[in-house]
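All chains are identified by letter, namely A, B, C, D, E and F, in their written order; residue positions are counted from 1 within each chain.
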Amino acid sequence: MDAHTYRDWAAGEHSTVILPAGAFEQHGPHLPLGTDAILSSTIAEAVGSRIDAKVAEPLSYGYKSQQKSGGGDHLAGTVSLDAAALIAQARCILAGFLRQGVRNLVVLNGHYENYQFLYEAADLALADTGAGAGRADGSGPTVLLLSYWDYVSEDTLAAVYPEGFPGWDIEHGGVLETSLMLHLRPELVAMDRAVSHPPADLPRFDRLPVVSSRTPDTGCLSAPDGSSAEKGRLLYEQVAADLGADLAAELHLPR
Amino acid sequence: MDAHTYRDWAAGEHSTVILPAGAFEQHGPHLPLGTDAILSSTIAEAVGSRIDAKVAEPLSYGYKSQQKSGGGDHLAGTVSLDAAALIAQARCILAGFLRQGVRNLVVLNGHYENYQFLYEAADLALADTGAGAGRADGSGPTVLLLSYWDYVSEDTLAAVYPEGFPGWDIEHGGVLETSLMLHLRPELVAMDRAVSHPPADLPRFDRLPVVSSRTPDTGCLSAPDGSSAEKGRLLYEQVAADLGADLAAELHLPR
Amino acid sequence: MDAHTYRDWAAGEHSTVILPAGAFEQHGPHLPLGTDAILSSTIAEAVGSRIDAKVAEPLSYGYKSQQKSGGGDHLAGTVSLDAAALIAQARCILAGFLRQGVRNLVVLNGHYENYQFLYEAADLALADTGAGAGRADGSGPTVLLLSYWDYVSEDTLAAVYPEGFPGWDIEHGGVLETSLMLHLRPELVAMDRAVSHPPADLPRFDRLPVVSSRTPDTGCLSAPDGSSAEKGRLLYEQVAADLGADLAAELHLPR
Amino acid sequence: MDAHTYRDWAAGEHSTVILPAGAFEQHGPHLPLGTDAILSSTIAEAVGSRIDAKVAEPLSYGYKSQQKSGGGDHLAGTVSLDAAALIAQARCILAGFLRQGVRNLVVLNGHYENYQFLYEAADLALADTGAGAGRADGSGPTVLLLSYWDYVSEDTLAAVYPEGFPGWDIEHGGVLETSLMLHLRPELVAMDRAVSHPPADLPRFDRLPVVSSRTPDTGCLSAPDGSSAEKGRLLYEQVAADLGADLAAELHLPR
Amino acid sequence: MDAHTYRDWAAGEHSTVILPAGAFEQHGPHLPLGTDAILSSTIAEAVGSRIDAKVAEPLSYGYKSQQKSGGGDHLAGTVSLDAAALIAQARCILAGFLRQGVRNLVVLNGHYENYQFLYEAADLALADTGAGAGRADGSGPTVLLLSYWDYVSEDTLAAVYPEGFPGWDIEHGGVLETSLMLHLRPELVAMDRAVSHPPADLPRFDRLPVVSSRTPDTGCLSAPDGSSAEKGRLLYEQVAADLGADLAAELHLPR
Amino acid sequence: MDAHTYRDWAAGEHSTVILPAGAFEQHGPHLPLGTDAILSSTIAEAVGSRIDAKVAEPLSYGYKSQQKSGGGDHLAGTVSLDAAALIAQARCILAGFLRQGVRNLVVLNGHYENYQFLYEAADLALADTGAGAGRADGSGPTVLLLSYWDYVSEDTLAAVYPEGFPGWDIEHGGVLETSLMLHLRPELVAMDRAVSHPPADLPRFDRLPVVSSRTPDTGCLSAPDGSSAEKGRLLYEQVAADLGADLAAELHLPR
């Protein structure tokens, strides 16, 4: 979009910007390093087209990969931001859109480890722009923050994992991400390099420095066995529909 | 403990310090503001006595209360740290113990919102003291990070919530925290002020500024109906036992 | 206190919170590591009961121990915050109370090294909450900052040190702190472990890195010889009375 | 690229990563907001293919637009990072690649205002990873930093600006950027929306707050009159060739 | 100036403070380390006397010397601030003057590497004091930022470099700085120690860590051959006159 | 000093740099704003000439003036650094000298409020350069920190204040500073503007925001009555002699 078109659009009553957040993180031998940003951006586009929102350039680098959700920050291919850098970056961007009159900001997260730091960024950006306390009638600028997987329905989970859902914690490079990528960016998926292995068996604590042997050699916390483009299509369409509907209702957007 | 006793102890092969993390946060009309720090400290003492670990002064103030896990940071009685302050504080304390030769640090969290910031603090403290990369044989200093509720067993949950567990997300000022406090610090609980109400119905996103009407008037996300000291005793003893056993096994501590 | 009681109280015309500040610092072989926080908290309670002020959870960790006032940060048992961490923590807490409508904040310091960093925190917290410039009629929120020993009277000093006061600079683990602890928390004092030695002879400069031989082996800068619970009671009661009276007069509090 | 391929590649003797840096900044009515990141990324790809370097995800948001080089940060469509955020982000990313064994990092800048902050990031990242002092034989990890326009030759300038080069300072949304975009991403250029106007006449100082009337209404500092895809092709090919050759020579890369 | 005189002056309609910025940086064997601060301060005095502005204490330490403009930060005699320190210092000072009612601040830079960090400081200081957005009629407080060499005229350049101007980039310890010092502070110049050598031949990129052999042994990027007090006088008087006139016009100052 | 002379000198076994620290702070109607930096610099020069130490450019801006030691930061003429800025600046400068091989650094403070922040800077600078832990034989780089008034002897005090020393806390713009300035820089002192008034009567706490009426109208905390150049000479010579002797002894410098 050019700047003059943007200016007119931002002044509108319902101007909404979606900021996708991802990571630059190993996703095993079969998925690209940018998987999280690709997925959050693509889902943001799908949602944006439903609620007439614009999608901003994604946050392409995310918080440090943790062993229990991403295999660990020590793995080759993972280049991460620390907390201060991620908070500062997201804070500036959110405050920038708020200063330009955008009414609603939706941070659409695709990398588990990011979430709390994005929350802090949103809180600080609202304070920076004088909108932190909100308005009595709730009419002021609003920031929503969510992770796209929180919109995967029970029905979808049942269809994607017919033998039972193993849990979000080990869904890294597994069936969900692989299926979504097979549907959305099949040219970036190398299923011939995918490796079958049991799901990672991780403790209830985080340990630092990481005991690297706890992460499967692939870097995936569960294997992509059973992934398919069809499952990806189902996930993508269901999430986009439900997320779009939820945002439209919350933000009183015309559809 | 005095300093000279401490010095001898810290030099030991198995010296382990537990750092409890809490918050200064409203917990409804019936629980004290310091509930999270009281619970994490008390459980830390119980665990410490099992594995011969020392318990450090707790982090008494925590990260901003979020509506979906603590009712929101706007509520009277909640005084919070921002991300930078919490990270900086925990980082200095962890690095301080590491510099003094303590072998194992266990951060025992009792306030949901703290977790990721404590993780960052642990990672930075290890880097600050040159222990970030670890040793090839895993023999260097170690930091473990956990939230105590991750050690509540399925059996205990079934006993505490005979009509079904409503989910960790709305366990704020509810049956778990109230029962634990009734067992451990009954003089601080005012069950006559407890209010019965349906559990909070919260969206899948975080919204900022908070729509305050989404938090029940009590500030609790679920009511403490059915809490009892007996349930508290069960929770306390099961968690302390399992957590102690897990730490002893992980850290090769004599028991 | 529970949150609902707190809310009503904070809205009052005279709501005053005392924030004690201590340290986690070696105090020789006979006093506990948390001495500074114990003393500032206990005195805060005594003052609070006189002026109807509430005492917040103390700052349990303090700024780096300096050789000339605390023996040095290199000593076993001392775990400290750096300047940024202490300022950030105190700033957030003070701003939090100010945002909730508390009228008066009193920071009651018990660790010499903290003072200037607490001052910075108070100044920044007032600016953060828009109260930095004050009101023309002096009616806005107020922060007072003090160290409790500044309220020890000449008469008390003469009684506590009948052979002459050696100076505040070497009062670390000496007669004042030991006597106060003997009066207030005798179960934490091990007088049988106390060691008699001449007062430390320290230069007029701070030297970094520390020349460790300048600190007596005990870690105390003067010996606790002559300490007694009776002296502790005198110190405690005189300071609480004078400090309470001074605060009441300054803040126009009913007594 | 997937992580396992990356791991093998990074271990090579000549592994080189190019990090493009852009901005999210208005570029008048005829160019997209992401022009700077598009150009630096595209040129990075062209250079990378010549010297067998990998191109990392670009920095999509840049430092505040200054009136004398970008029209000003107050203009609709410009969303910027402050100095701390940009430095922190680039520092983490550069340090991350260095920790993974990448031998050479090339920061390829496409937004004038970024340069000094990227320099600071590179200096800090080298220090963070222990490579700040370099090795006596110059064999350690290396960071190069450059802006692509510094490789436009005199001959190219003469061909692109047959009536005389007006100066880099007002080349914002002008002939160079427009021609490059017409060659590389014509579908994003709206020449029918381009406006002809005299070049901006700006003072020798920066003034803050900005006197907005000094920026032409278009937001461009010079008009895109005379831009063409052919000029863009010339610029692109000459810069890629010369920059590739310079990097290969400096870094002793095989070609 | 004493404080009471200052107070009356600051309240005036045209109160203007010039803040000179320099560096503590090697300038070859013939010039003092403080050359940049001396030159910016002296020029500031000359300008100040023309437009009735006060000159504040200079920033005596500057941003890290870069090889392409100052020879490099590794050279003996160069002691520098990092970005955060320089921004923080200048931000506080500028905000301090703004809070005291000074109408116009002029940052007069004499060390190339400082510029962008001073810009950030000015932007943040205006935001800190609520003057960031400016006033509709442009009547609010103003910060101007400039480097003195941007006011050297073409005529002066031609006179100072009769054989052609080699470019600002290698003017470090060369004819311009040496001539100015010979005119203004001849007692600090040791022309007998000056060394003749060809100008430095530096690449188009910055390389870190620095390849130290690219900086001439003197530390100067061009030799001071042909410097004279007369050239210094010409430079000094022309710059002071033009800069004074430009500031007076911009700030509507009486002359 | 030029850079080449400096390089040779810094490599010497006893190279010592004194860094004076001052402030830009009102000192009543009769003393200049830069009094603290002038005094610390001048005393540093006197000491430096005795112990063959070099004096670095002073820190000309200091920490916020506090009412109890400097009248308050709200007074016209006082422009201050916050804690972060002062620490960052001093840290970079001290680390810079350490990296260049200077053996001993002496921070000579002339503004009470600076002290703790300079301590933090010294501690961090030593850690930054790997010298934080010191060497077993005490032979590594050393930083000393002191305030010059700590070297005023009892005899001198008795001579300067024949009617009794009122205390260091209210020595701001009083007899000590005025006498020193009358001896060292009489042309900057306007004794005809000096005002006689009783010493300030200040509470034992710091109050923020400041109650401005507690600072005398002059901005001085005690009047300069009885100041003389002769007293200044006595102060200056005694302090320089004793401080020089103390530093020489501590640092094993030849005299």
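Please note the rule applied: contacts are C-beta pairs under 8 Å (C-beta built on N, C-alpha and C of every residue); 3 or more make two chains touch, one makes a residue touch a chain.
Quantities reported herein were computed from a predicted structural model and do not represent experimental measurements.
Student: Pick the pair from E-F, B-C or C-F whose contact list overlaps the A-B contact list by over half.
Tutor: C-F
Student: For chain E versus chain F, which are copies of one sequence, does the interface use mostly the same residue numbers on each side, meaning over half shared, or is it different?
Tutor: Same, since over half the interface numbering is common to both chains.
Student: Going by average Cα coordinates, which chain is farthest removed from chain D?
Tutor: Result for max centroid distance from chain D is chain C.
Student: For chain A and chain D, what's the span in angstrom between their mean Cα positions?
Tutor: 27
Student: Between chain B and chain E, tell me the centre distance in angstrom, where each centre is the average of that chain's C-alpha atoms.
Tutor: 54
Student: How far is the middle of chain B from the middle of chain F, if each middle is the mean of its Cα atoms, in Å?
Tutor: That gives a centre separation of 47 Å.
Student: Got the chain D residues that touch at least 2 other chains?
Tutor: Residues 82, 84 of chain D each touch two or more of the other chains.
Student: Can I get the ring sequence of chains, opening with chain E and turning toward chain F?
Tutor: Once chain E is placed first and chain F next, the ring gives E, F, C, B, A, D.
Student: What does chain B use to touch chain A in their complex?
Tutor: Chain B residues touching chain A: 63-64, 66, 73, 82-84, 87, 113, 115-117, 119-120, 122-124, 126, 131-134, 138, 140, 142-146, 150-151, 203-211, 246, 250.
Student: Can you list the residues on chain F that touch chain E in the complex?
Tutor: Going through chain F, the ones touching chain E are 1-7, 10, 24, 26-34, 37, 56-58, 60-61, 75-82, 84-85, 88-89, 91-93, 96-97, 100, 190, 193, 219.
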